[in-house]
Every structure is written in structure tokens, then in C-alpha cells.
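The two complexes that follow have chain A in common; it is paired with chain B in the first and with chain C in the second.
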Partner chain A sequence: MAVSYGWAGKILRVNLSNGRITTEDTNKYKDYIGGMGIGYKVLFDEVPVGTHPHDANNKIVFGTGPLTGSGAPCSSRTNVTSLFPTNPKHMVADSHMGGNFAASMKYAGYDAIIVEGKARGPVWLRIEDDKVSIEDASKMWGQGIYNTTALVASEMGKEASIAAIGQAGENLVNLSVIMNGYSHSAGGHGSILGAKKLKAIGIIGTGSLKIAGKAKDLLDTNSYMLKELIGANNNHVVPSTPQPWAEFDSKGSRWTAQKGLYWGAAEPPVETGEIPPGDITTVGLRTQKGVKDLGPVAEKYTKRMGGCQSCPIRCFSQLEIPQLEKFGVSRFVSNTCMGYSAPNGVMIKGTVDQFEKDDGTFISKTLGSQLADDYGVWCNYGMLGREFKYIYESGKLKEVLSEEEYNSIPFELLEAGDPAFLKDFYRRITFKEGEFSHLGDGTYWIAQRWDLGDDFWHGKAQKIWSPLGYPVHHSNESGAQVGALISCMFNRDSQSHTHQNLIQSGLPADILREVSAEIWGSEEAFDFPAKYTPMNEYKAKFAKWSIIRNVLHDSLTVCNWMWPMMVSPVKARNYRGDTALESKYMSLVTGENYTEESLDLAAERVFTLHRALTVKQMGTLDMRNEHDVIMDWVYDMDPEMEPFTEGTVKMEREDMQTALTMFYEEMGWDKKTGAPTKDTLNRLGLDFAARELESMNLLP
Partner chain B sequence: MGDYMDENIDYLQEDVADFITLNSRDGKIVTLEEIETFINNEEKDPTDVTEILESIKSELDLKTIDDSEGNTFYYSGNEMTDKYAGIIIRVKNKDILKLIGDTVREESRRYPRPTYVTMFNLPPYNLTEGELEDMLAELSIDSEYRDLKFTHASNGTVFVYSNKHMSKGYADYLAEWIEVGQDENP
Partner chain C sequence: MEEKSKKKFLERETTRREFLKLTGKGFGGAVISMSILSMLGCESQQTVAYALPSGLLLADASRCTGCQRCEISCTSIHDEKIQPFISRIKVSENYNFGNEGPRLDYYRQNGQFGNLSMSPETCKQCREPYCGRACPAGAIFADPKQGNARVVDTSKCVGCGACEEACPWHLPTIDPETKKSTKCEACGFCAENCPTGALRMIPWEDVKKAMRRNGYRFS
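Right, the complex of A and B next:
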């Protein structure tokens, strides 16, 4: 076999129905780069339309890319692709997890793992380089993710990277996760493994990745990125407080490092301090995510920051909170962002102080994150709490639950602001106890089941973005039509951070507008926050570029919570980033000549394949009216204000249709329907998709 | 002997460079007297300080800034921005009210964003809570600052903005976004 640089060269395929374990050459997927690209290709080719996510015919793909495990910063992301249970038509979607799992896959020799079929009884998958076996998991079945991980580790050793599902996944709760490394979770696909009776995957990879270029060049590129380009988490490039070295600062910045702010529970405590750019050894101190996510009270409980393999940023706070043991959970917590805030969203009456002043929310977040993580419950990017609030406060819950069930729920804890309520809440969902547990079905399904009407779907408080049952995720509030377009294009909440990272970078708008002009051709691509202008072609380019880079990152795989490097913290660079950095790494690692353009084209291929697959699965061309639809509140919010006035992120219906048209044109999709045209599919080398869609009468 | 002296001067240059660098990094600007005192404390031979400063000028991107009484302060441009040094001087000059006004107007115009008032408690402003309260009270009655208005987010954080550069509705939205919205949309 020819030497493969960057790619491990093999894909592992495991059929749980017949126990067959095979490998295949990665080469046939190279045009799709890796990760997400491999996932869509496998789903397009191999999973029949109409398959239920929990059927044996559904497949799940754990994908990495050529940069995974290469040592490029932030490159241990696993892209998980499968049918998506919360989606009303069970269309394809991705979930992502960081940790060490992706790098371990590569070191074991695999670019992707395809799992198909369904085991007869509980199993787990043991991978030690090329030794792969399906093992009995009956002892693990019924356990939470933490115990399962420990059980697999006790068999394989502590060096194993382990991904597992909790009881929620086993019980086919739609809102369930796959998690590796105790806290890195891929939301929404847990029940796929549950249905396949696959409890966990453990990997030990003792091999290495072959890199075409010189090691020194790779190290130099890393050094360049760390010294000159990278900021803090989300690539925020200014500190959160005024500091001598910094021309700009922004209170919301995740660059929280400052004098007097510590990892307080480290021994000895570590001061984050003021950290001007340039020193690669202190990048990991920039983001004190414990305090950012959990408030000032978290400082003294913070042991350190953790994160994914090969990431200098470390956006997971790791804390020791002895008081948590009073709730029957471990004192050790690790999580980030929504992993903390979602459980707090369930405490709709707030949380009162528990052990010290102002620790209510802190305890809710850390306790809730442990419960949700161990059971493996997903939140649908915060929807779970908002749905609970809606049905509780509207009286719907009383209506749909029997009196006996309603009275069995300890709402007195909720009303009193006692976070012990979370234990009851997550248990019911995980074990499908009673009618209440259908909250775990997801937005669309509960609306059907409980007959939730327009005020649920279109109410601003619920923040539902799409009739497909997913919420706002850096949508109209992030770059006007840019965020809105991005949020329409996937089959779940959009996970693109490209546009969001630029907008929230902390730099003043005049610099961001200049950067926008340099990348997308005009300053008009960038709207001041909540000071929106009507749609224009540059915003369509911005939206396309954001998605394409997001797709590229999930195919390479690198973290889109950090990449691309659009801006920099360095004044001498005039705060300019380097959008060609992905291609520099790709050329170095693979030895092939990649340019920004060639990589963007490959990512466009992957994204258009996603669109083609969506058309195929929906069985309609009319993406504009059946897929790319936004709930009314986005247009009707702030009734006293007109769209395009200062202080509102309200959108305008006609303008949004124009936005879709311009975006479709940018993508080469049919202007009327938003479906990919034959020419575009052929141009991108997706002839097979064109032929199949044509045979289904699904080409515009 | 000559060699020894040269070496001594080299060391001294290095020490003075470090002294200014570390102070700048720490958010402090220093006077000539402070530099001389540092040299004396280090028990170095008396030397022409200005000569030393000249010799380290480009290495440090050495800059000076004067206060209203004509005192000159030194800082390293490698470590401290002119903006930061400028704020320190204005605080020394007790030019606080105008400093707040200018800062708020600039933030409202350029970012654009309303300014959270407790920023002025942080270095390099360093106002005590009482001083800040007095300043804000003064701001709201001084006709020079008629364009400066207050708003607050739902978590109670108070912001000030210039209505020359943003409307009330806009300031309200941004204040809420900075304090609440952003955290709810991680």
C-alpha cells in the first residue's frame, strides 16, 4: 500500500448484526477530505431513504480528518454523522466531540469508524491498533457514562480513549449523547448507539501519523499560529479587562486572564495574570472558563483548564466541589458552555444560595452537568429547559400528565429554587418514566404529542428557529442575515462558529468591517450588532464562507470553536489573521499542494452533498418553503420597532427571501427552490448524486 | 579598567531596561527620579541616566508622556499602549470627568457599545466606588455631558452611553446582550 500522509489510510467498518469487522481504503473518500465529508458520503450511498434512526439499516460514522492527530492546534475533534432522531424526517445531521478520541483513532490507524447493523445483546467495541473485537457489555448496560468509562478502562488500561453512552442512549431517548473522556459529548446521537446495543468504544492507538513535511516546518507553523494568530477560546483576541498591552478590551471576551484571577484550587494556586500575545507557553492561561461559565464563585474551586488533545486553549474548566457529594454525585466536574448552562435553564425559578453566598446558579450548573453527563442526556442546545418552562408555566403539563404523575413530581423543590429538583428531572427523562419523560423526545415530537400550538412554536421565549424543531444558535442575533442563513441550512441547530467568532472577537466594528472587506469584498458584509441593513451580495458571500469553513473544519478535523484565524491579537499585524492557515497545514501534513481555494472547493462539495442528501431524504425540491423556514417570532419580535432600526435583531420577511435567493446563487443552487442543480453537482464532482436525484425526479 | 566600565554600563543598561519593562508590564509609568533611585538602590556607579535611556530607546520602544505639571514619565511601547499610558496620565491629572466622558463617547462611536460603569473601578482608572458614584452624579448634571445617558441590563449592571452615537433602544439592547444574551448563547 502506498504511504499515506495525514490520512491514516484505513476505515474500520463494524457490522454488529453479523459481527464482521473489515477495513477499507480511505482513498475513495479523499475528495471529501475526512470527518463530516466521509459521514455524508457513507450516509448518501448506504442508508436508504425512510430508514428510522434506530433501525439496523441506519449507520453511524465516527470521522476524523487528515489534520487530526497531526499536532496542528485544536485538531482532535470527532465528527459523528448519522440520521438524527429529533429531526421530524430523521434527516442526516452531525454531532461533534473533542477529547482524545479522534487522535486515538488516527494513532490506531483509522480515519473513520463506520458502525452498522444491530447487536443481539449489549456489546462494546475494543480497538487496539489493528486488533478489533466486539465484546460483551452486559455488565455495563444500565450504567451511567462515568461507570461505563471506568469499566472499559479497567479492561483496557487507563491509556484507552473511551466513548460511551449512558442510560438515556440505551433507553432510546432522542435527546441523548455519546461522550468521551468524561465530558466531551456529541449531542443527539446517543440513542443510535443504544439502538445498536453498542455501549462503548475503547481505543488504544500506539501508532503514529505520517507527516510529509519536515517536523521543523510543522513546529514553526504551530509557533506562528500560537504567537501571532490565536487568541483565547472562540478566538476572542482582546482581554476582558483594560490591560497595559492591549489597545482594546471587551467585557464579554473569553480572554479572561488578568491579574488576581486564579485557578484557585490548583496546588499551589495559579494566577492567570496578564498575558500579552507572543508567549506560546501561556496561551492555556488566557481562558479561565470556570469563572466565565460559572461566575466568580467558581474561582476557588478551579483546579485547572482541560480540553482536547493538541489544543493550547483548553476551554473545559475542571473543578473540585466537595459540596456536590451532598447531592450524591462526584465532587469532580468538567464541562464547558452549554454543558453547564443547559441544566441551569431547567431551574426556571432560579436557584437559591446553597452553601455560600451567590452559589445557587453555580451549584445548579455543576450538579446538573454531572447528572446530564452521566445519564447521557442532551439539551438540544438549551431547548430542553425552555420547553419545560413553557409546558409548566402554560399549564400544559397539568393537562397532559395524569394527576398522579403530576403530583409525584417534586415541583416544590423547583419552586423553592432547590437544585435537587434536577435529580428527579433528569432521572424521569433518562428512564422514560411516565408522560413527563417525553420531554426527551425533542421539540418537534413533543409539539406533536402534546398538541403545542403557535404560541409554542412562534413564541420568542422558546427561541425555536425552525419547524424542524431546533433552536437559535448564532442566528439572527449574530450578523443579521448571515447568521439567519447559516441557521437555515442544516438539519439541526447550526454549529457554525465562524461568523460568531469574528463578530464577538472583541475588536471594534471598524476593524471588523475592514477585515470583512478583505475577505468578502465589501465592508457591507458586516453589520454592526443590532444595527442591521437590508440584504446584499456580500452578506451572502460571508454566510457561504462561514458554512464552508465550518464544514471544512469538521472534515479536517479542527475545532470550529477556534478556527478559522480571521483576526489576531497582535497589533503589529493590524489585528489581521491568516485565512490560508488551514491550507498551509494541509500542504505540510499531506505533502500535496493545497490552497485556500482548493480546500474551500472541497468543503463546498461536502456541504452541497449534505444539501443533496437533504433533498433526497425530504423527497422534495422545495427547500425554500419546506426546509429553509424561520419561525414567526424572528419577524414579529419588538412590535414597536421596524426591521433595520438600531436596537433590534428583528428580520424582514421579504428581505429574508432575498437573502435566500442570493445565498442559493452563491452556492449555485436553483434560485427558486434552493435545491442543488445538475450543473453544480457535476461541477463539484457529485455526478453520482445528480444521477440519483434525477432518477427520483429531484433535480430542479 | 576601561573594559570593566563598559561592561558595567552594559549591565546597567540591561537593568534599567528591565526596570522600565517590568513597570510598564505592570501598568506603571516611571519618572526620571524613579529610574535614578532604582540605579542608586542597585548601588550602581552614578551614570548619565539620559545617556542610558537613549541607548535602550529603540530596544524598548521607549516613550515619554508628560503630566499637567510638566513631569515626564517613561514607559516601554513594547509593553504598554499609548492609550493606556494616556489614561494613567489623565488619572494623575485628575482629569477624571472628561476621561470618563471621552471614553464613553469613543466606545459608543467605535465599537459600538455602551460602557459598563464599573470598568472605571479597574486599573488604570482605579476609582473607588465612592469616587465613581460622585463622578457619575456629576456627569448627569454637567451640561458638557448632556449626551451621556444611563441604561442597565436585567442583571442590574449599569451602563453609560453617548446618545450622539447610539439611540436609547440600541444602548438597551447592547447592554442586555453584553450582560445576559451573550452568556445565554455560548
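Right, the complex of A and C next:
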């Protein structure tokens, strides 16, 4: 067999209905790069319209790409593609997880794992290089993710990378995750594995990722990125406090390292310190995420930072909190961002101090993180808490629950700000106890079930973005129409961080506007924060580029929470990044000549295939009115203020329609409907999609 | 392969336990004891067949965040490919459950699923290297070009795995693709590329002094 560079060269296909395990050549997916691209192609080709996510006919694709496991910084992301249970029409969506799993897939020899069919009883999938078997999981069924992982490791060996579902996934809770490495979770697809009766996948990979170029050049590129380009988490490139080496600082920056700030529970404590860029051996100290996510009280409990294979930016805080054992969970906690804040959102009356001053939310966040992660419950990017708040405070809950069930819920704990409430909350959802547990169905489904009306859908407090039942995720508050457009384009909350990284990088807006002009042709692409201007074509280019790079990263796979390198912490570079870095890595690793343009084109192909698949699954051309729709609160917030006046992030209805038109034009989609045209599909080599959509009368 | 790897695993565990029994010490993430160092020949001044090495790679477990960039750097520079399995420093194999593997009380033991402590394992460049003594081909030698680090001569290596079995930490690894042993040459490249400064090359003579410094462990 010819040597494959970058790509492992094989895709593993496992049919759980008949036990067939086969491999196929990755080559046929190369135009789609990998990861997300492979996922969409498989779903487009192989999963019939109208399939329920939990049917045997649905497939789930664990995808990696040519850069996964290559040692390029931040390159161990698993892209998971399947039908999405929370989506009203069960359209395709992705979930993602970091950790070690993706890199292990590559070293075992696989670019993707396609799981199809449905096992008769609980199974787990054992992968040791080219030896693959379906194993009995009856002992694991019913266990949480932590025990399941330990059980698989005890069978395979300590070195196995293991992805598993918890009881929530088993019980077909829509809001459930697939997780590896204790806290790296792909949200929203756990129940797909549950329906397939696939409890876990364990991988040991002893093989190599081969690079076409010289290792020396790859190492030089790593060094260039780490010394000159990379910042802190989200590629924030200035520190959060004034420091002698830094020209700028920004309070919100995730570059929280500073004099006197420690990993306080390390032995001995490790000082993060004032650390100028240029030194590889301090990059991992820049982000003290414990205090960022959990407040100052977290410092003394922070053992270290953590994160994914190959990533020098450690964005997961790892804490030892002995007090947590009083709630019956482990004292050791690992998580980041929403993994902490979502459970705190459930504590809608706040949390009172538990063991020391100002530790209330700290305990709720860390306790909730433990509970949700072991059960494998997802939060729909924070919706779960906001929905609970709505039904509780509006009285809806009392209406839809029997008196007996309502009285069985310990609301007195909630009212008293006692985080023990979380134990009851997550248990009910995980085990589908009673009517209450339908909170785990997701936004759209509870609105249907409980007849929630306009004030639920359109109320600002719920932060629902779309009638498809997903929330704001760096939307209008992040770059005005840019974030708003991005949030309209997927079938779940947008996972694109490109625009957010730039906007929050910490550099002064003037510099960011210069950078914007260099990338998108005019500084008008970039609005000053909360000083928005009406739509213009450069914002459409900014939005398109952000999505295209996000899609590219999920196909390569590298982390869009860090990439692309638009800016740099280095003053001597005038803070300029290098947006061609993905293509430099790709050329070196694969030996094929990639340019920024050729990769962007490939990603445009992948994203347009997603759009074509969305049209196919919705059975309508009218994306503008059926899909790319925003809830009223986005237009009606701050009633006393006009859109485009300083201090408000509200959008304007007609302007947003203009924004959609401009975006469709940038994409080569039909201006009226927002559906991809035949010409565009053919231009991108998606002729097969054009033919299929034509046969369904779904071409504009 | 399944049976073979299982057997390998059992043997590994046995070797490690035997070794620890001799010293009368448990391992459990504690700083390595002076008696173990003596066993390695670090204390002895007797004449030996191997010239003294000049350098040693040390891992500070308290600063290790498990990113595995050391393994990536190691196999890139030495093997022209990325292959953590043969890395001469071991982090990923201990990532989830420490170097002892999953136990009933895994949630308290080393590892990401336990007490969150990583267990980076580095070559001790023993005065009298077990790996070198066990090698039937005489392929492991003190290389003056590498400061007398104990290095595999791949032209002599027959890939039998005796070095891996003999090493108390099982650090040499046979590359399944080349069938040659890989072991640490104390080049220090991983340390230059550790993003949290958890790895350090120190003069071999200073090993005991370094061990006494808080937080420095041989895991």
C-alpha cells in the first residue's frame, strides 16, 4: 500500500446490526479534507431524508483530518457528525471533542470511524491498530462515563483513549454527550450511541502519522507558531493586567498569567507570572482558566491547567476541592467555560456561600460539572438552565407536572441556594424520571410538549436565537451582523469562534480594524464594540471567512477556539498573525501544494454541502424564511434605543435581510431563498448534490 | 496481538512490582527514594563498563499538564514521524490512569480520571543500564557524541525487546514499524519544547541534589 502522508489513509466502518467491520480508502473524501467534510459527505450520501436520529438507518461519523495528530498545535479535535436529536427536523449537525481521542484514531490508522446500524444488546468497540472487535458491554451499561472509561481501560490497557456515553445517552436523552478524557465532550450526540447500544469506543494506536516534508521544517513551523503567533486561550494576545513587557492589556483577556497568580494547589505552587511571548516553555502558563471561569476563590484549589493532545494552550482548569466529597462526588474536577457555567445556570436563585466566603457559585459550577459529565448530560449551550428558570418562574412547571411529582422536587434547596439541588436535577433528567425530565428533550421539543408561547421563544432572558431551538453563541453581541449571520447558518448553536477570537483578542479596535482591512478589504468589516453600523459587503466577507475557516478547522482538524492566527502577541510583528499557516502545515504534512485559497475553497465546498444537505432535509428552498430566522428579542431589545446607536447590540429587521442577501451573494447562493444554486454546486464539484436536489425540485 | 499485548502487560506489572519490593517502597507518585537511586547505581563509585553520562532528563510532575508535545517533539526529531507510542518520554500512556493503570479506586490514583496528576516517565540514564546489559546484540552503548547517554545503535539492534523488558520503567520501546528499539538519548529537545517548563536537562552528577528539590519526581 502506498504511504499516506497526513491522512492515515483508511476509514473504519462498523455495522452494529450485522457485526460487519470493514475499511475503505480515505482518498474518495480528500476533496472534503477530513473531519466535518467526511461527516457531511457520508450523511448526504447514505442517510435517507426523514430518518429519525435514533433509527438504525442513522449513521454517526467520528472524523479527523490530515493535521490531526500531526503535532501541529491544537490538533486533536474529533468532529462528530450525525442527525441532531434536538433539532426539530433532525437535521445534520456536528459536535466536537478535544482530548486524546482524535490523535489516537490517527495513530491507530483511521481518518474516520463510521458507525451504522444498531446492536441487539449493549456493546463497546475495541480498536487496537488494525484489530477491531465489537465487545459485550453489559457490565458497563448503566454506569457513568468515569466508571465506563475505567472498565474499558481495564480490558484494553491503561494507554487506551476512550470515548463513552453515560446513562443520559443510554436513556436516549436528547441533551447528552459523548466524552473522552474526563471532560472533553461532544454535546448533543450521546443518544445516537445510546440508540445504537454502543457504550464506548476504546482505541490504542501504536502507529505513526507520516509527514511528507522534512520533520525539521515541521518543527520550525511549530516553533514559529509558538514563538511568534499564538496567544492565550481563544488566541487572546494581550495580558489581562498591565505588564512591563506588554504595550496593551485588556481586562477580559484569557491571558490571565500575572505576577502573584498561581496554580495554587500544585506542589509546590506554580506561579503563572509575567511572561512575554517568544519563549515556548511558558506558553502553557498564559491561561489560568480556573480563576477566569470560577473566580478568585479557585486559585488555591487549582492543581494545574489541562487540555488536549498537542495543544500548548491549556484551557481546562484542573482542581482539587475536598469539600465536593460532601456531595458524594470526586474532589477532582476538570472543565472549562460552559462546562462550569451551565450547571450554575440551573441554580436560578443563586448559591449561598458553602464552606468559605464567596464560594457559592464556585461550588455549584464544580459540583454540577462533575454530575453532568459523569451522567453525560449536555446543556444545549446553557439553554437547560434558562429553560428551567422560565418554566419554574412562569408557573408552567406547576401546570404540566402532577402535584405529586412537583412536590417531590426539592425546590426548597433551590430557593435556599443549596447546590445539593443539582444532584436531584441532573438525576431526574438522566434517568427520565417523570414529566420534569423532558427538560432533557431540548428547546423546541419542550416548547411543543408544554405549549410554550411567544414570550418563551422571543423573550430576551431565554436567549433563544433560532426557531430551530438553539441559543445565542457569539451572535449579534459579537460583531453585529457578522455574528448574527454566522449564528443563522447551522442546525444547532454556531460553533464558529473565528470572529469571536478576533473581536476579543484584546488589541485596540483600531488595530483590529486595520487587520480586518487587510483580510476582508475594508476596516468597515469591523464595528467597534456596541457601536454598530448598518450592513456592508465587508461584514458579509468577514462572516463568510469566519465560517469557512471554522469549517476548515473542523475538517483539518485543528481547534477553532485557537485558530486561525489572525493576530499575534508580538509587537515587532505589529501584532499581525499569519492566516496562511494552515496551508503551510498542510503542504508540509501532506506533500501536496496547498494555498490559503485552495484550502478556503475546499472548506467552502464542505460548508455548501452542509447547506445543500440542510435544503434536502428541510425539503424547502426557502432558507431565508424557514431556516435563517432570528427571534424577535434580537430586534426588540433596548426599546428606548435605535439600532446602530452606541451602547446597544440590537439588530434591525430590514438591515438583517440585507445582511442575508449580501451573505448569500458572497456564497454564490440564490439571493432570494439562500439555497445553493446549480452553478455554485457545480463550481465546487458538488455536481452529485445538484443532481439530487434537482430531482427533488430543490434547486432555485 | 491481543494475547501478546496482554502478556506484555502482565509481565510489565510483575517486573515493576518485583523491583519495588526490593526497595521496600511503594511508588504511587512519591518522589523516588535514595535507596532506589542506589539500586540504579547512581550512588556507586565502582568502575563500570559504561562511561558516566553527562546529562539527565527530569520531569516535574507538578508542572506537567499532559499536552504530550514532548512525545510529538521527540518522535519528530528522532524518527521523522509522529508516533507517541515510541516516544522516549512517556506521558500519553499514563494520561488517564497513571503508570499503574486503572484500579478499583482509580478516582484517587494518578491520572486524569484520578487525582489529575500526570505521570511523565523519563529515562534515568542509569550508571549500569539494565537495558544495555540485557541487550543480546550489544546495541546499547554510551555514546560520547551524546554526552555518554545510553543510546541504541540501530544497525546492531535486532528488535527483540529485551531492553524494554529489563528496564524497571520499560522505557525503551520497539517501534512496530521499524522493529528497532527507541530510547532516550538525553538530547533535551523535548524539554526545549515543553510549554510549561516541566522538563529539564540537568547535569547527571546533580541528580540527587535535583531530587531533593521540591516537586521534582521521577514519577
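Some points to look at:
Criterion: the second predicted complex is superposed on the first by the 700 of 700 C-alpha atoms of A that agree within 3 Å, B and C clash if a C-alpha of one lies under 4 Å from a C-alpha of the other, contacts with A are read in each partner's own complex, and residues count from 1 in each chain.
By definition in this document, contacts are C-beta pairs under 8 Å (C-beta built on N, C-alpha and C of every residue); 3 or more make two chains touch, one makes a residue touch a chain.
Note that the structure is predicted; figures quoted are calculated from it, not measured.
When the two complexes are overlaid on chain A, chain B and chain C sit side by side with no clash.
When the two complexes are overlaid on their common chain A, residue A:131 makes contact with chain C while staying clear of chain B. Of the two partners chain B and chain C, more chain A residues are in touch with C.
Applying the stated contact rule after C-alpha superposition, one finds that A:318 touches chain C and leaves chain B untouched. In the superposed model, A:641 makes contact with chain B only, not with chain C. Contact with chain C, but none with chain B, is seen for A:153 once the two complexes are overlaid on the shared chain.
When the shared chain is aligned, chain B comes close enough to touch A:474, but chain C does not. When the shared chain is aligned, no partner comes close enough to touch A:395: not chain B, not chain C. In the superposition on chain A, contact is made by A:241 with chain B only, not with chain C. Touch criterion not met for A:121: it reaches neither chain B nor chain C. Residue contacts after overlaying the shared chain place A:48 against neither chain B nor chain C.
Put simply, the nearest alpha carbons of chain B and chain C end up 19 Å apart when the two models share chain A.
Shared interface residues of chain A (contacting chain B in one complex, chain C in the other): none.
Residues 24-27, 79-81, 83-84, 87, 110-113, 116, 119, 122-125, 166-174, 177-178, 181-186 of chain B are the ones that touch chain A when the two sit in their complex. Listed in rising order, the residues of chain A touching chain C in the complex are 69-71, 100, 103, 107, 128-129, 131, 146, 149-151, 153-154, 157-162, 181-182, 205-211, 214-216, 218-219, 222, 226, 266-268, 270, 280-285, 303-312, 314, 318-320, 330, 332, 334.
Within the complex formed with chain A, the chain C residues making contact are 1-2, 5, 9, 62-69, 72-73, 75-77, 79-86, 92-102, 106-107, 112-117, 176-177, 191-197, 214-215.
Touching chain B in their complex are the following residues of chain A: 241-247, 250-252, 259, 274, 276, 293, 337-338, 341, 382, 472-474, 477-478, 504, 508-510, 528-531, 571, 641, 645-649.
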